[in-house]
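A quick write-up on the structure given underneath.
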Amino acid sequence: MANSKFEYVRAFEQPDYLLPNTWVVVRVDGRAFTKMCAKYNFEKPNDRRALDLMNAAAKAVVTDLSDITIAYGVSDEYSFIIHKSSGLFERRASKLVSTIVSTFTANYVHLWPKYLPETPLSFPLPTFDGRAVCYPTVSNLRDYLSWRQADCHINNLYNTTFWALIQQGGLDNKEAEKALAGTLAADKNEILFSRFKINYNNEPEMFKKGSVVFRDYELVEPDSHTITETMDSLAEPIKQSKTQTENDKKRRAKACIVVDHLDIIKNDFWDRRPWLLSNKPGKIPKET
Amino acid sequence: MANSKFEYVRAFEQPDYLLPNTWVVVRVDGRAFTKMCAKYNFEKPNDRRALDLMNAAAKAVVTDLSDITIAYGVSDEYSFIIHKSSGLFERRASKLVSTIVSTFTANYVHLWPKYLPETPLSFPLPTFDGRAVCYPTVSNLRDYLSWRQADCHINNLYNTTFWALIQQGGLDNKEAEKALAGTLAADKNEILFSRFKINYNNEPEMFKKGSVVFRDYELVEPDSHTITETMDSLAEPIKQSKTQTENDKKRRAKACIVVDHLDIIKNDFWDRRPWLLSNKPGKIPKET
Amino acid sequence: MANSKFEYVRAFEQPDYLLPNTWVVVRVDGRAFTKMCAKYNFEKPNDRRALDLMNAAAKAVVTDLSDITIAYGVSDEYSFIIHKSSGLFERRASKLVSTIVSTFTANYVHLWPKYLPETPLSFPLPTFDGRAVCYPTVSNLRDYLSWRQADCHINNLYNTTFWALIQQGGLDNKEAEKALAGTLAADKNEILFSRFKINYNNEPEMFKKGSVVFRDYELVEPDSHTITETMDSLAEPIKQSKTQTENDKKRRAKACIVVDHLDIIKNDFWDRRPWLLSNKPGKIPKET
Amino acid sequence: MANSKFEYVRAFEQPDYLLPNTWVVVRVDGRAFTKMCAKYNFEKPNDRRALDLMNAAAKAVVTDLSDITIAYGVSDEYSFIIHKSSGLFERRASKLVSTIVSTFTANYVHLWPKYLPETPLSFPLPTFDGRAVCYPTVSNLRDYLSWRQADCHINNLYNTTFWALIQQGGLDNKEAEKALAGTLAADKNEILFSRFKINYNNEPEMFKKGSVVFRDYELVEPDSHTITETMDSLAEPIKQSKTQTENDKKRRAKACIVVDHLDIIKNDFWDRRPWLLSNKPGKIPKET
């Protein structure tokens, strides 16, 4: 059985290399998660166990693929940022997206019993889709992440008020929707506080800000030079020796991968963690 | 926190619609499976439990996504064929690939303890990547599948002989490689038979032919018209009423999804199962 | 001055191969032609000299690129069909589109003085843009061409009536538009005939049907087998000897390239010219 | 003749938007120009008339499309740079490439008799192909242009020496090739000077540096801030009022488009012409 007469079919595979020197965002989204939340009785408006599971799966992805410099998650979605200088999988879109989605899914399913021990999985299983988007500048990339975190805030304030009206206010879905139609952020804060004694500022950071996953090093005192405007040059790949590359790799491997709930819209987060954009590992903090 | 000033970043998402009216093959491949086989001590040259697990995961994918007309798997890879008339996910490549890879991975990880109960999973977990390729004609599509099945045969004959030389013949890897260098299929059959009393024809069909997954209906007696040449017209979508579409959907849902090990290179397989290419569900077989 | 440190920029070029085994349509469109028609005083509703010039430019393109099997033009647009088996320029979209657009433009500008001797060109010059679209089946391809020819008919009937109302009926643009709002084809025919004694059927074929450009061979008596349904298999590339390929090339070079105004929606046109879809040159007609 | 049943074919057109916020280079190349040079007896190693014609065609393109910020040409190729903030033709690759190629070709053919009055055009006419490439940063863009200009220098030094050996040294092609095999730049300079009394530095700038086309404004005294490192932020689009945009448009239209032969590899060229990267028109120079 010769294979040669069939092999021509390989010519139909079309290359899908992502543009070099751009930031690659791979966003992973839960498939039909509204249905899944209902099926597994996730708590409303936020199920801490489910979010912890998302974060654990994301951490496994970042651990596995060191070209990912930072990841940001909210609700049933997670965005993984691959550094602009990365040549991982030759920057093939389908390979990058499918590997990240598969690693995320594998860990989500495998870790499920640890985070939701009383809710066994059943068919159809939770799954995720994904897509890759390129951003040419640091400014575009940060705007992408700001977009997701602003979305998190807007949705969480809405959902917190919506479910307070239902769970504590006794309204049904329609009534709660109607009560919130046309309200501004201040109105929702007011409803929460005056009717339910909830100070939104005291809500858990994870719910208000979402989750950031990254390799952690010693924070840097931002000086006048590491300001946003120069960040693109900061992100330019620097030619370095093999020894230096090896050292970087080792330091990166030693770094602790943290899950935190911080403001990533403001400059401060980035100024104090220059390694996120430079891809140059920082100092491993001394044990305390 | 207004989101409007960040939303422009959506314009960077680039469309990736696959060409309409073409067969879409989504091939899923194990990531670093050589390493994984070693880690989990998979049997050589074929580990029946691991292949059964692959087949179970593939069956779950076909069950979940009814636009998949047939799937073919061998070793650590599986190809899923989406009918040319399908508009699933608007034919977006990343959505199709990531959903199939995620569903496959979720089921693979979830079903692992059932198929390999004595080999618990550990990090890093098994994962898969995927890609989509379009084929314009039935002839191209069948050549793709023939390519994979011919590959299965060639590799399995090689591996069966290679591991017989090692496991029963006492050779080491290098010696076995050398013994097989330049041999033809007939030579390998001869080695197997004369030295190890193995008749390759009696090897399990799953090892020799790989696995096919599809919805099963009553076999059709091929008449002179359903020959390969007319298959492209057979595959052309037929305009039909909503009732008819609904009926098709119901019949498809009722159909039994089978995993079998058949020759898919020859015409006979396709002639007797016209629904695979026409996407027109066949007759549900009477219970026996 | 070493070039090596800059050469990395080549890696930013992204491949744009069109899917193999599909029909490639390159459609060329006039840029800002409404303005150009006004500038050069083209006759309304059709300027025969301008259409002859379009046809001459298209004929030059078909002569130059023998992988083009047929071209169809109407108004300021021309569609060039590259046979599905063609590997011209490795099927790179930008190369195919730009070469065809450039050859079309060069001939259009160069031949202008021959077809419009009393209207010298001035800046900005007439230019064209282009795009490539792939069609997997003969049926899709013919539907594409039918779409363009049906469009030609619809527009020409409208324009003929519109300009009759203005040029002979004394209406202004607004009044003519209003008079035609909501009319069907029959209504327009009636207006033309009853008010202006114009029998639309007697209008020039070039205006009613557009123009087809192709290599001409002896017409074939269509038998019962060369019907639409089998056309896809007809179009499948046949393996042939080098001598045969050389002979084909010679016959193709000898063939007369004609510009005609025929119905390309009905089967008859295609049944009698099987070489258009098979890419197998026909018989050179005897001189008469 | 209803068109509705054919219109579905539009769905086969695939979008080809170029990534936003990246520099678009459209490079135009002569098709089979070696053959054309021979046919029209172009002078070797450089034909001034032919280069002047290339420059005139390029100037027409830059005049016509004000989103082009700079163009660079050498031999039978021309690169047109579209500013990263441009939304011309929705950034569709085929539209951008085909329009630029068509405008270039139209002007090249139309202006031919002016630049080569004694060499009338004949079929097949000179034509060009084109492709678009995106560059994310100013640094990448400048490296692209440096690559082309370094190539110009390397080729011109080689060709000048090669043709001196033939035209003045009496060698044939093979002998000249052999004489130059393995030589460095210094060797070629030496051959030119010692054997033919040619000081390469005195060769015409157009031959040594190629040609740059751009809108000219008053040169700027570069201060310490407009250095290469900050150029990316310089190129970031600035939000501005409609009046400002209108003013810019007018100033751009008033600007003189020049063809010059300058070093575009060094910083000086860019530092003194900040409008090239900022897309912010400079000061119109006072008439002198």
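In order of appearance the chains are A, B, C and D, and numbering begins at 1 in each one.
Convention: a residue touches a chain if its C-beta (ideal position, glycine included) is under 8 Å from a C-beta of that chain, and two chains touch if they have at least 3 such contacts.
These figures come from a predicted structure and were not determined experimentally.
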item	value
Partner chains that chain A and chain B have in common	C, D
Equivalent interface positions on chain C and chain D, same or different at half	same
Centre-to-centre distance between chain D and chain A (centres being mean Cα positions), rounded to whole Å	43
Cα-centroid distance, chain C relative to chain D, in whole angstrom	32
Centre-to-centre distance between chain C and chain A (centres being mean Cα positions), rounded to whole Å	50
Touching two or more other chains - residues of chain A	12, 14, 19-21, 134, 140
Chain contact graph, described as a line, ring, star, complete graph or other shape	complete
Residues on chain B engaged by chain D in the complex (per definition of touch)	11-12, 14-15, 17, 19-21
List of chain B residues in touch with chain C within their complex	19-22, 84, 134, 136-137, 139-140, 229-230, 232-233, 236
Touch list for chain B against partner chain A, complex	1-3, 5-10, 12-14, 16, 28, 31, 60, 64, 92-95, 97-99, 101-110, 121, 123-135, 140, 143-144, 146-147, 150-151, 153-154, 185, 265
